[in-house]
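Chains here go by letter, A, B and C, matching the order in which they are written, and residues are numbered from 1 within each.
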Amino acid sequence: MAATRLFSTIVLCLLLLSSSTTAKKIPSRRREPCKQMVLYFHDIIYNGKNAKNATSAIVGAPAWGNKTILAGQNHFGNIVVFDDPITLDNNLHSNPVGRAQGFYLYDRKDYFTAWLGFSFFFNSTNWHRGTLTFAGADPLNKTRDISVIGGTGDFFMARGIATLMTDAVEGEVYFRLQVDIKLYECW
Amino acid sequence: MAATRLFSTIVLCLLLLSSSTTAKKIPSRRREPCKQMVLYFHDIIYNGKNAKNATSAIVGAPAWGNKTILAGQNHFGNIVVFDDPITLDNNLHSNPVGRAQGFYLYDRKDYFTAWLGFSFFFNSTNWHRGTLTFAGADPLNKTRDISVIGGTGDFFMARGIATLMTDAVEGEVYFRLQVDIKLYECW
Amino acid sequence: MAATRLFSTIVLCLLLLSSSTTAKKIPSRRREPCKQMVLYFHDIIYNGKNAKNATSAIVGAPAWGNKTILAGQNHFGNIVVFDDPITLDNNLHSNPVGRAQGFYLYDRKDYFTAWLGFSFFFNSTNWHRGTLTFAGADPLNKTRDISVIGGTGDFFMARGIATLMTDAVEGEVYFRLQVDIKLYECW
């Protein structure tokens, strides 16, 4: 009798334990990244004179703008298409490990804000192969978070957060972004 | 002997129970939102005369279009960049809780359809801080669903569905969208 | 005494077993699709003469481009908006099961690469109703993977990978893409 009571207790305990673990699992997803990396990309905007070095170009402009100078009113309405080298450090001339490809647009009249849609495309024998795709609003604060909305290849089905930081700006032609990528879904 | 047989039975039961729970868990994700909210945003398109109030501007147009009037053929080919106030009710003059930032484009000649890529950017002390990013086709039916593809800050790693409803239209200058956001992945 | 020791062993075993299963579950998500389908879409670019048949139009161009001919330098800077029929086989004249709607842009000067943001919009009584939304870099290799970043309706909350293959190209006016969609998150 004592033995069966003990059984019942164990069974109950285990059931409770198992159900509580299951119940907790969904809300308590860990906020620790399963993969993290810091990369840089370098954007040289076409200004009518730098066709050879430019890595990006204005392709959309508002009624009051044109395509060789970013528009007035904080560039509101400019769409820029880019294909920028990605490096492991902040040196434009380091060997690129991939290309940042996509677009950004300036979306606010009274101060700078942007919206970004782009991918990191890696095709490197000694780094990674595959893509990460990003989208989000960029308030151009010191640091700002956008979403990693998908991945392929080495980053199959990845999701996460990318923290952007403007690392350097030179006039209206060159800027460099530091991207701290934290993936929270890895397959 | 009876005791050990009982043990085996319990162990077997528990194993079966545990494995069946595990197997079921993946297909049976609940379709109840973990967070829901209704918001409005207000779009005032630049038409050459309303520079001060406009919150959006045509920045891409097809060969037959221009940038102060939406193009013929159901605006096919127009890209509009916006930075619109978000309010908790349908009043344009209510205190905004954030900004809707991004773009939409009209993609069909024979009737109205659009495609949207944008974020809700919240930076409010008494509402939320963070972003939600949306993408999807907008057939401009009475209600239509687009995807919530990512989030940051208070909406860390969120995913879900947003149901859009055009709440008001005034000529070709102002429209208001009601957005019913249902998140199904919350962290 | 023997009985209680046995109990303890069982309990321990079960606990270990349960915790190891839990720990394993996150990394070992299965890479087998929960849904797979192959579709085709057909893009006829407006060239100034084919207004009636065209399904897409150039709406953004760099300073050196225009909107009836894709720009030099590998079309770098062109943004194309499209609303293309989707078919179950590779015949342009088959009954469409939906529309591919969104945009692509050419983002590289020295060879062809593109970036895509679009949705498959299905509104068919005998096929599916709902949307799938895609984004990603397209290096225009023989096959290339982009991300399925969201879904609605029959594809509620879907995520996955789409493998693109250019199935036919006719001059600079018509191309056909084969899209092999593999969903790894189904709800």
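Keep this in mind: a residue touches a chain if its C-beta (ideal position, glycine included) is under 8 Å from a C-beta of that chain, and two chains touch if they have at least 3 such contacts.
Which chain is which protein? Per UniProt: A, B, C = Dirigent protein.
Treat the numbers as computed from the prediction; the structure is a model and nothing was measured.
In summary, the pair chain A (Dirigent protein) and chain C (Dirigent protein) forms a contact in which the copies contribute largely different residue numbers, shared numbers making up under half of all those used.
These two copies of the sequence, chain B (Dirigent protein) and chain C (Dirigent protein), are related by a rotation of 120 degrees on CA atoms, to the nearest 5. The mean-CA centres of chain A (Dirigent protein) and chain C (Dirigent protein) are about 19 angstrom from one another, to the nearest whole unit. Contact with two or more other chains is made by residues 3, 7, 10, 14, 18, 59-60, 79, 117, 135, 149 of chain C (Dirigent protein). Residues 3, 6-7, 10, 14, 17-18, 21, 25, 46, 48, 54, 57-60, 66-68, 79, 81-83, 99, 101-103, 117-119, 121, 123, 130-131, 133, 135, 149-153, 156-157, 186-187 of chain C (Dirigent protein) are the ones that touch chain B (Dirigent protein) when the two sit in their complex. The touching residues of chain B (Dirigent protein), when paired with chain C (Dirigent protein) in their complex, are 3-4, 7, 10-11, 14-15, 18, 22, 27, 29, 31, 59-63, 76-79, 105-109, 113, 115, 117, 135-137, 139, 145-149, 159-161, 184-185.
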